[in-house]
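Two complexes are shown next, each including chain A; its partner changes from chain B in the first to chain C in the second.
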Partner chain A sequence: MDTLIQALINGTALGAQYAMLALGFSLVFGVLGVINLAHGGFYMLGGYFTYSLTSGVGLPFVPALILGVLGVALVGYLVELVLIEPIVDDHEGTLIVSLGFFLVVIAAVTVAYGPEAVPIEFPVSSVLRVGDAYLPVARLIVIAVAALAVLILWMVLFRTRHGVALRALAENREVASIQGLRPRVYFPVAVALSAGLAALAGGLVLPIFTLEPPVAEVALMTSFIIVVLGGLGSLLGAAVAALAVGLVEAIGGAYLDGSTTKLLLFSGVLLLLLLRPSGIAGRSVRDA
Partner chain B sequence: MPRLLSSPASLAVSGRHERQAGRRLDRRLTMELGVISLLVGLLFLPLPAENLQLISQMNQAVMVLGAALAVYVMLRLNLLHFGVPAFMAVGGYSSALVAIHITDNVVALVAVSLVVPALVAVPFGLITLRLRGTYFALVTFLIGQVVHLAILASDRLGRTDGLTGVPAPTWGDVVMGDALTTFRLGLVVCILSALLVAGFMSVNSRRIDSLRSNEVLAASLGLRGWPIRLGSFVVSAAAAGASGFLVVNTLTTAHPSSFATLSGVNYVAYVVVGGAASIVGPLVGTVALVFLVAQFASEGVYASALLGGLLIFTSLFLRGGLTSTVRRIAEWLRDRRTPVPRASRQRRAVDEGQS
Partner chain C sequence: MHVRRQSVRNTAATAAAVMALSALVACGGSTSSAGAACLDGKVKIGALLPLSGPAAGFGQGTHQAMQFAVAEANDAGGIDVGGETCDVELVDYDTKGTAEQASTGMNKLISQGTKIVWGPQLSQEVTSVQQIAQRNKVLFVHSSYAVNGLSPEMPLVFAMATTASSFAGPMADWVSTTYPDVSKVAIVIPDNQGGQDTAKIDKEAYSDAGIEAEVSAFPEGTADFAPFIGRLLRSGPGIIDVASTPPGDAAVIIKQLRQAGFDGPIGRIGGEATSAIIKAVGSAEGLGEFFYYAALDVNSEPIKTYFAQFEKKFDKEPLPVSAQVLPVARLLLRAIDEADSTDAEEVAEVLENMEIDDPTMGTAVWGGEDFYGIDHEFIVDFFAGRYRDGELTLTPLDATDG
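Right, the complex of A and B next:
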């Protein structure tokens, strides 16, 4: 029973982290119609920016994390403006360009920091004891921050004028453009928001686990499985799927080995596609 | 509608389109025959056996050409296939298992590496071929991951250690173990893959072009898309499987790291950089990138950056890849020498857009 409680808490923390990752990925697809493979790179950059600002500049963890998130958001903004915008309507082209950027970022980080994991620690390492279960406070913080980030994203998208504009562009770009909304202004903002969310996940979570270049690939694969499961472009679907994947990984990991759990998860999602090709949310914001 | 279809003007337009489509097919067929002839010619080219570096690089190109062809087959249908390493793994591991436990006869090994991935592709195809565009691309990544995880979870396949000590293939009493023979065997397998791909493309070329240009219209005219898509997926898997066999044969080991999910990016890069208008694109892209990357052999990280940079550059500035760019430049030079009427230029532009 205690193992299960422990797994539930770990799974929720994983799910919260995955939600931050997948919401950004889904947001960019929903608004731009672009599969942004650079997303895993933004996640990794969030971790490395935070690391540089804490160990290189000497900032405390929280300001370093905030600056890291802003820095990666700026990178995302520029990536959209320079690399994606010129071919934004070419779905395969943008996918390839973002993939190219992903490879370049991994190479750059490997050259700058080396292929091995860098030493970075989360500032809180205490553990709460509830009954016979031990709950790491760091994971509870991840859950709280992720919930706050998702809430802020929801408020931005649904309670602000700019959020309405983003959703309008996602719904029908032509009509939204005729109404005076400029995609060239809003698209980079959407990618910056998405990159910022990924960086927040990376900056917050990687110090708890391991910060090394291969995490980018793992994050990318995780984003894939979540958005495929949740329905590409559906924010609600992505959030639900992220939580589900996190819980399955943690609970499965408590009783099976990691590879088998992942194999079951990935196979399950592929089989689900037979029944619901558009994921559990049923209808995506935009057809792929 | 009937008046439009039977009008002389529409008949003339439809006749012209048919002629253009015919020319495009002829050109593609010529390219395919040219590539196969080139590969056959390489078989008989005397190579310096002592220059192991050259032979190794040529072998690397030959080893992954099948994988690039696998991507090319699907890209003809506008489907980006990142799951090629999965089928390479199926081909590589199945041939390794046969070589270790049953026979090391080269014909049997090549046949297994072609047939088993093709069979495995059928259920995967049924799942994925309902998907389109970028969604398909995402799901093919997942296929790669599923197969990779299945290898890691299987004791029979050696988990993270893989299968070591795979015996070299034999032909009668001849053991095909040295570098030059390995390269020539790779060439023969590549020729088989190219023939398979070219044969499938030639038979289904018009159907593939129709599906590619307008699937809804093609369906409304009675063309059933799924057999073509499934056939393409199966042919693609067979070509990838043969490539997997070559990887295992060269390394004498079937190891999961040889078929990592993200390595599918390399094969897509070969086709994107080379171009997907004809079979020449994958060949040019594979040879160019393998030789370029080999220059950074000691620093793999720079090779990755180079690959990424080339993908960005090609997508932004060389639309259609190297082969299409060379063709456009050649046509531009020809037009400068002999001015072409504007209407003719417009027709050619439409023609290029379709190919």
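Right, the complex of A and C next:
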């Protein structure tokens, strides 16, 4: 029973982390119609920006994390404005450009920080014990921050004028443009929001695990699988799929050896997509 | 709407294709065609290594060793090939730690006329290039612990570092003496060929030393090891050996084990990566009681001299693993020079008969016949490293005696 409790908490923490990653990925697809392969790079940059601000500048962790998130959001804004915007309707072009940016970022980080993991620590290392289960407080913080971030994203999208504008552009760009909403203004904002969410996940979670360049590829792959599973462009689907993947990984990992859990997970994804090709929940931001 | 849905589907399909393609993309090497011998005063040697990806720390360190050896050789006037004196030039290919890229890279290097290759690194890479290299009579020097990494049927293949088959036995004996109360060890490995090969060797070594060993594998690409660690601890091991787990993953496992309350010894009878692990853990104190196969003493004068020379030459600190494989990098260039050729068979014949007395790592031997059936493994004495409260002690152990 203790094992199951621990697996459920680990799974929820994993799911929360995946949700932050996948929501941003899904948001960009929903609003711009772009599959942004740079997303894993934003996650990794969140970790490295936070690291630089704590170890280089000497800031405490929380301000460093906030500044790191804002910094990566700015990078995301510029990436959209400079690289994606000129070819935003060219699906293949945006894929190639975002992949190119992703590879450049990984190479740049490897040159700047080296190929090995850098020393970064989460400021809270205490552990709660429930029976034989141990619950690192850091994980509970990840769950809380992720829940807060998702709530804020929901409020931004559904309770603010700019959120309505973003959803209108996702719904029908031509009509929204006729109404005076300018994609050139809102598209970079969507990518900045997405990059900021990924950076928050990276800055928060990587100090708990490890911060090295390969994490970007794992994050990109995980985001992509979750978003496909949840339904391209659906925020609700992405959140549900993220939690489901986190729980399957944690519960499977607690009981099964080697790659069996991955096999189960991918078999499940394959089966679901065979039965429901559009994923768990629909297509676009407006359905969230 | 239909058009948009179709477009979405096309885009998703293209994205999947691009992501799959991206997994196959690697930084290519020089595109100039080079002959096997001296061309325009240069002889080219392939460097087929994981310069990016999870094993990049190992790959870049191994690359640095050859870079340094090449610089030494060129500074000394070059090497003789086919009666000409040539500068040595490295042609790099990044395998990203994957079997597909390793085989693609080997083919590319061969198409450029390269007959001597430094690398690859990982077991799955070595397995993937063996047939290609053998068919094309290419000599390659790898640093994997693959149980099929050397054999009499592959006389052109050498191991640049002492492998687990040579150091696991003495290390397991040291473990049983140092921790006499421990009767059970859990060997933690990534679920791939390299992990399985190391686990097989380590398990046998522990068993011979009277310690029961159980292997636990985790899937590659794991970020959060908490579920795995819960399962691991339920089996009640006295020692946990992270074997050949990549340093970044090993660091997370160590951090999470200590967080979960495991206060027994954690070890690493696998590739030397302690400095990278300490960096990722945050401090040597964070390791707790920790032991490892120490290929070298980084505080010894010859090693410090090499580090200083490297830094002066390349304006950056070398990765410690580079010192470990530097002797064979030097030997390989000397063998080409003495053979006066880049013909793989001629170079192999010279190389396997060379006496080894390296200015950085000292005396060593070509061995490995007992395990691999051929003396193509570089074997040098080593240390059992032990951290307690952040303090390191090194106990010399013998590997060259057999």
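Here is the rule we use: the second predicted complex is superposed on the first by the 280 of 288 C-alpha atoms of A that agree within 3 Å, B and C clash if a C-alpha of one lies under 4 Å from a C-alpha of the other, contacts with A are read in each partner's own complex, and residues count from 1 in each chain.
Rule of thumb we're sticking to: a residue touches a chain if its C-beta (ideal position, glycine included) is under 8 Å from a C-beta of that chain, and two chains touch if they have at least 3 such contacts.
All values derive from a computational prediction rather than experimental measurement.
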item: Joint occupancy of chain A by chain B and chain C, clash or fit; value: clash
item: Which of chain B and chain C A:273 touches, first, second, both or neither; value: first
item: First, second, both or neither for A:14, with chain B first and chain C second; value: second
item: Per-residue contact with chain A, leading partner among chain C and chain B; value: C
item: First, second, both or neither for A:225, with chain B first and chain C second; value: first
item: Which superposed partner A:127 touches (first chain B, second chain C, both, neither); value: second
item: First (chain B), second (chain C), both or neither touched by A:118; value: second
item: Touched partner set for A:212, first chain B, second chain C, both or neither; value: second
item: Which superposed partner A:137 touches (first chain B, second chain C, both, neither); value: neither
item: Contacts of A:252 with chain B and chain C, given as first, second, both or neither; value: second
item: Partner chain(s) touched by A:6 [first = chain B, second = chain C, both, neither]; value: second
item: Clash-bearing segment of chain B, relative to chain C, as chosen among 57-65, 93-101 or 327-335; value: 57-65
item: Shared chain A contacts, counted only where both chain B and chain C touch the same residue; value: 35, 91-92, 95-96, 99, 102-103, 106-107, 110, 115, 217, 221, 224, 228, 232, 257, 259, 262
item: Interfacial residue positions of chain A with respect to chain B in the complex; value: 29, 35, 83, 86-87, 90-97, 99-104, 106-108, 110-111, 115, 217, 221, 224-225, 227-228, 232, 257, 259-260, 262-263, 266-267, 269-271, 273-274, 277, 287-288
item: Chain A residues touching chain C - in the complex, by the definition given at the top; value: 3, 6-7, 10-11, 13-14, 33, 35, 37, 91-92, 95-96, 99, 102-103, 106-107, 110, 114-121, 125, 127, 134, 136, 139, 205, 208-215, 217-218, 220-221, 224, 228, 232-233, 249-255, 257-259, 261-262, 283
item: Chain A partner contacts - residues on chain C that touch it in the complex; value: 5, 7-8, 10-12, 14-16, 18-19, 22, 25, 51-54, 56-57, 59-60, 191, 216-224, 226-228, 230-231, 234, 247-249, 251-252, 259-261, 276, 279-283, 319
item: Sites on chain B touched by chain A in the complex; value: 78, 80, 124, 126-128, 130-139, 141-143, 145-146, 149-150, 152-153, 261-262, 265, 268, 272, 301-302, 304-305, 307-312, 314-316, 319
